[in-house]
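Following this line, the structures themselves.
Heads up, the next two complexes both have chain A, just with different partners, chain B and then chain C.
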Partner chain A sequence: MVDAEITEKGHRRISLFFTKAVILAAFLAISIIYSTFIGSVNIPVSSITAIYLRQLPFIGGYAASGYTATQYEIIVLVREPEVIGAVMVGAALALGGTSVQSVFRNPITEPYIIGISSGATLGAVIALSTNTSIFGAYSVQILAFITSLAVVLGVYFLSFRTGRVPPIYLLLTGIAISLFISAIVGLILFSNLRLQNETFAWLLGSLSGITWQELGLVSLLVILSGFILSTLWRELDALQMGEPHARSIGVNVERTKLLALIITTVGVSAAVSISGLIGFVGLVIPHLGRMLFGGSNRKVIPMSAILGGIFLLLSDDLARTMVHNEVLPVGIITGLIGVPFFMYMLSRISRGSYVS
Partner chain B sequence: MSLEVKRLEFSRGTFSLKGIDITVPDGSILGIGGQNGSGKSTLMKLLYGFYRPDVGNVYHNGISLSELHPRDISRKIAVVSQEISEPFNFTALEVVRLSGYSKENESISPHEAMETCGISHLANRNFSELSGGEKRLVLIAAAVYQDASTILMDEPTAFLDVDKEQKVKKIIQDLNGLGRTLVLVLHDINLLNSLCTHVVLLRDGAIIASGEKEEVLSLENLEKAYTLKFRILEDAGPYKFAPAEI
Partner chain C sequence: MNQKLKIIVAVAIVVVVAASAFGVNYYLHKGKLEPVYNMKIMEANGTVDAFNLSTVGGYAYFPAQQNNTWYLSHPLSRIVTLIPSVTATLYALHAYNDVVGVDQYSIYPTPGKNVTVFDLNVGSLPIESIANLTPDVVITTAGGFSNQQINQMVNVLHIPYLVLDPGSISQIENQNNLLGLLTGTSSNAGIINSWMNSNLQNLSKDLGNISAGAEKSVFYYLYPASGGIYTVGPGSFVNQELNIAHLKNIVNISGYPTVSTSYVINATPEYVLLDQYVNQTTLNQSLPGLNAVKEHHVVAVANDTFFTEPNFRIIYSIYWLAQQFYPSNVNLSDVSSFNSYTHLNLAQNPETGVNS
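And now, the complex of A and B:
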């Protein structure tokens, strides 16, 4: 009888989870459509709908017209990649936060802490200052991605202690190396006034001007990293209980840490390479996921990705519409919303309501 | 012999274990005793392969742990460790269920394991909000769920109130009754005496004495291990040993 009761409770929990997940997914879909309808140029709803119909495969050819070529370009080449980009970048940052917080067993870490942000900034600044076109039109993005990966690997190898990488060394090395690289970036910027403006925009983070070309590759990397991370949910759960415990239940601790860090770095670096540094998503969203769905990464990983996508998309909508005829860097918005939101969550967590 | 340590040496910083030879007979309860810093917990981490010995080896049924994948080790050896980080927002049931990571068949369910430890009512409680004693029982239930033939516990009764301490002792004896081999790190001499069948006494990373409890727990060995004189209290039940000066 007790067992039956427990199973029934279990079924209720599972269906509750699916209800919540479906609502979130629907909300994401609505946010995506809604976000393409708003912007600094006013385009009638009928025209946007016509443009959407036009883009459908097979039947698109029969769709009615009723829009101008400029309107078509604004929707298809400006708003759509920006909206999809916001979802991808938001998802990547939230996924990264979930993974890094589990590896470090530390709720106040985020993916940038292992050197991703400083590494990417260094690459971007080098590309901008040398005006290089070594990787074609996307030299800034590609160089940022490469230096970001390189810095994280450097941090990882510098943290080796007798065959293992204790999280505390990884954390401290990450912070130290980040400061060191920021100093180098500061040195480059100090001597170049023009660069200061361009880098400033990078440091604030922005989603405008994303092209389909770069977005395609970044989406692939983000989705791939999200998929692999979600298969690691048990291992990441176990790491949260400490490495001795994780090892005792059979987890290959060092392999899991390395894999999770590489996957995280690839996803987050790819995202950052097209968006610049957008803060607080990676720190805040995983906690929101845990509040809504309980602590296990089985649910937190996929749900954080959706929540991150929604959060950054809505932040970007605000950034595009808050000031008339001006697009604010979205990093400013995530900071302005993210910090009060985080403080609110902290107060809830400390009152013991960190329960689904 | 389920667990065997042969000529093991291990050093870390200024601390080292040397010349460690231990045989854990099948179905025994072996206690590892000694002062703080004598190397008990380090030795335990070597017993399930968390640390790799510098010299020598730990064998389970004749196979060296260093040749086994962590998954295979965890099917043979479960651990209740002292150093646990609190996971974010996990229920007690989720903590127990996590220990099924390497299990091949569902010989015992998480609920049954929790029932064995008398904590079914805690299943849906948040792990972080439990008391220290309740957390310990959840971790023991997790080890029971892992369903390994050998279970290691690091100070299973430390910091527990009398009621919980009795519960834990009872669970240990029940597990042993079901044929499990247990290795317990215990600093308390009277627990070594009342709970264990075999004892190893450590001092500064070396073995003072090891073997059956009756031989090892002599006043002479205890004085060597703890640098303190002991006396035997007659008719004191499980509280046989007391420092000589009180």
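And now, the complex of A and C:
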């Protein structure tokens, strides 16, 4: 009798989870379609629909016309990569936040805290100041990616203490190294006034200018990192309970931490390399995921990715439409929305209605 | 192999694999964003003119160029200009009908009804709106926008991107010639250059009796910057304006440097040339100990667009400067009338506003 009740409760919970997941996925799909319909240029719905039909495999060639070549270019080459880019970057940041918060057992950490943002900024500024074309048109992005990885690795190895990497050391080293690199970036910028505009745009974060070419590889890295992190949910859950607990149930703590941080860094660095620094997604979205789906990373990791995608996509829609004929940096919008939400969440924590 | 070494090797492999993936992607797609300095322009009569863009302090990003050369077989007829100096020059050349979009600072001439005005943000191009105008070229200045957006514009949307940044009077005249070639108005460019040279020669005669020792020393206060004052130095066309007006710039750091207050005080300028966006209070607070400030030897620039926009209208700013400092030698009204000299009959007088 009791077993039957437990099984029924379990089924109900699973069914509720799937219902929520399907609703979220549907909302994401609708958001993607909606986002391609809005922009600074007014394109009739019929034309956008025709452009969509035109892109369908096999039957696209038979689709009706009713759009201009310029409208086709704006939708396919400008809006679509930006929209998919927003989903990928949002997902990567949210995944990174979920992973880092579990590793550090700290609700106010985000992926940038381990040096990803400062490393990427350093790479971008070096590429801009030296005007290098070592990686062609994508030199800024690729150098940002590489230096980001290098800085996180540096932080990790500097935090090594007798074969272990205590989270507190990792956290403090990450902050210290980030400040050190910020000083170097400041020095480079101070000596070259012209760089300040471009770097300013980078620091505020922007999804404008993303191309299919760079998006292909970044999407692959983000999806792969999301998949690998999803397979680590048990270990991350155990780490959330504390390292002694994780060890007691057979988790290789150091290996799990290193793997989670590497995978997080690869995914987030790839995303940041094309978007610049977009704040608050990695901090806030994992908490939203936990509020909606409970504490286990089994559900929180995939759902945070979807929530992050939706959040950044809608923020980008606001950035593109808030001021006529202008595109605001999306980092400003995420900050404006993220901070009030974070304060609300803190008040929930203080009332005990939400435990991270 | 010990544990630490294993970790280092594993991490190095991840970094190499990820960086290689980016590199392979680049080499597969051959994405390039290399500046092009050579242009070959075919005029209506079939004559081919070669033009080196470095003679205007510029370069171009052009899709699918051959032998590092941009071939142009017809005059441009849909131009987006995001530099006020170029907008004014195109107007003077009688090529303003070819302008389809301008930035918000292009206020001479007043934009027509068919011209889209873009409100530019720092570092961000309104790509979608620009693409919607299907321009033949986007003309702008160096270092203003993100490489990612420029790449999208050039390599994805195939819109040529021309950077013009003249740093001297001769480069301004070359800019007139280039824009004349691009718009099929070369003869007008020659007339404008003739007007400029004629006025410069007259001014040289008027100021001929001022010996090098009698030249007044000035400091151009552009605006307060972090760590000092933003100003002009040798190598900038503003510095050349000062020299032509027989003024000695106390700054000997090239370009547009930021100098400390002690640097200015130590150089003891006789006069401070105050930009229109800096008020007397700011000057008093920045340089309280400077003799020129104490003695009220301050000349306020009425309209700095004449000083800081490199085009034919700097003739008015040079005469205005000479009139301020050597009133017995020069008067602004000595500038020969643009319309009478050139017969270009501009409806909006290019001189309007130099005094206010």
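Going forward, the second predicted complex is superposed on the first by the 354 of 356 C-alpha atoms of A that agree within 3 Å, B and C clash if a C-alpha of one lies under 4 Å from a C-alpha of the other, contacts with A are read in each partner's own complex, and residues count from 1 in each chain.
In this text, a contact is a pair of C-beta atoms (placed from the backbone, for glycine too) under 8 Å apart; a residue touches a chain by one contact, two chains touch by 3 or more.
Note that the coordinates shown come from a computational prediction; the quantities given were computed from them, not determined experimentally.
**Student:** Tell me which partner A:Ile274 touches in the superposition: chain B (first), chain C (second), both or neither.
**Tutor:** A:Ile274 contacts chain C only, not chain B.
**Student:** Pick one for A:Arg105: touches chain B only (first), chain C only (second), both, or neither.
**Tutor:** In the superposition, A:Arg105 contacts chain B only.
**Student:** With the two structures laid over each other on chain A, which partner does A:Asp237 touch: chain B (first), chain C (second), both, or neither?
**Tutor:** The answer is first: A:Asp237 touches chain B but not chain C.
**Student:** Which of the two partners, first being chain B and second being chain C, lies in contact with A:Val327: first, second, both, or neither?
**Tutor:** Only chain C is touched by A:Val327; chain B is not.
**Student:** Please work out whether A:Gly294 is in contact with chain B alone, chain C alone, both, or neither, and reply first, second, both or neither.
**Tutor:** The answer is first: A:Gly294 touches chain B but not chain C.
**Student:** Hey, is it chain B or chain C that touches more of chain A?
**Tutor:** Residues of chain A touched, chain B against chain C: more for C.
**Student:** Figure out whether A:His245 sits in contact with chain B (first) or chain C (second), or with both, or with neither.
**Tutor:** first
**Student:** Can you give me the overlap between the chain B contact set and the chain C contact set on chain A?
**Tutor:** Residues 163 of chain A touch both chain B and chain C.
**Student:** Provide the residue numbers of chain A that touch chain B in the complex, in ascending order.
**Tutor:** 2-3, 6, 9, 101, 105, 107, 162-163, 234, 237-238, 240-245, 247-253, 290-291, 294-296, 352, 354-356
**Student:** Within their complex, state which residues of chain A touch chain C.
**Tutor:** 39-41, 70, 73-74, 77-79, 128, 133, 135-142, 145-146, 149-150, 153, 156-157, 160, 163, 190, 193-195, 197-202, 206, 208-214, 216-217, 221, 258, 262, 266, 270, 274, 323, 325-329
**Student:** For chain C, which residues count as touching chain A in their complex?
**Tutor:** So the residues of chain C touching chain A come out as 3-4, 7-8, 11, 14-15, 18-19, 21-23, 25-26, 29-34, 118-119, 121-129, 131-132, 134, 142-152, 155-157, 226-227, 230, 256, 258.
**Student:** Give every residue of chain B touching chain A within the complex, in rising order.
**Tutor:** Result: residues 12, 45, 48-50, 52, 69-75, 77-79, 81, 83-91, 94-95, 98-99, 101-102, 111, 120, 123-124, 126, 128-129, 142, 146, 152 of chain B touch chain A.
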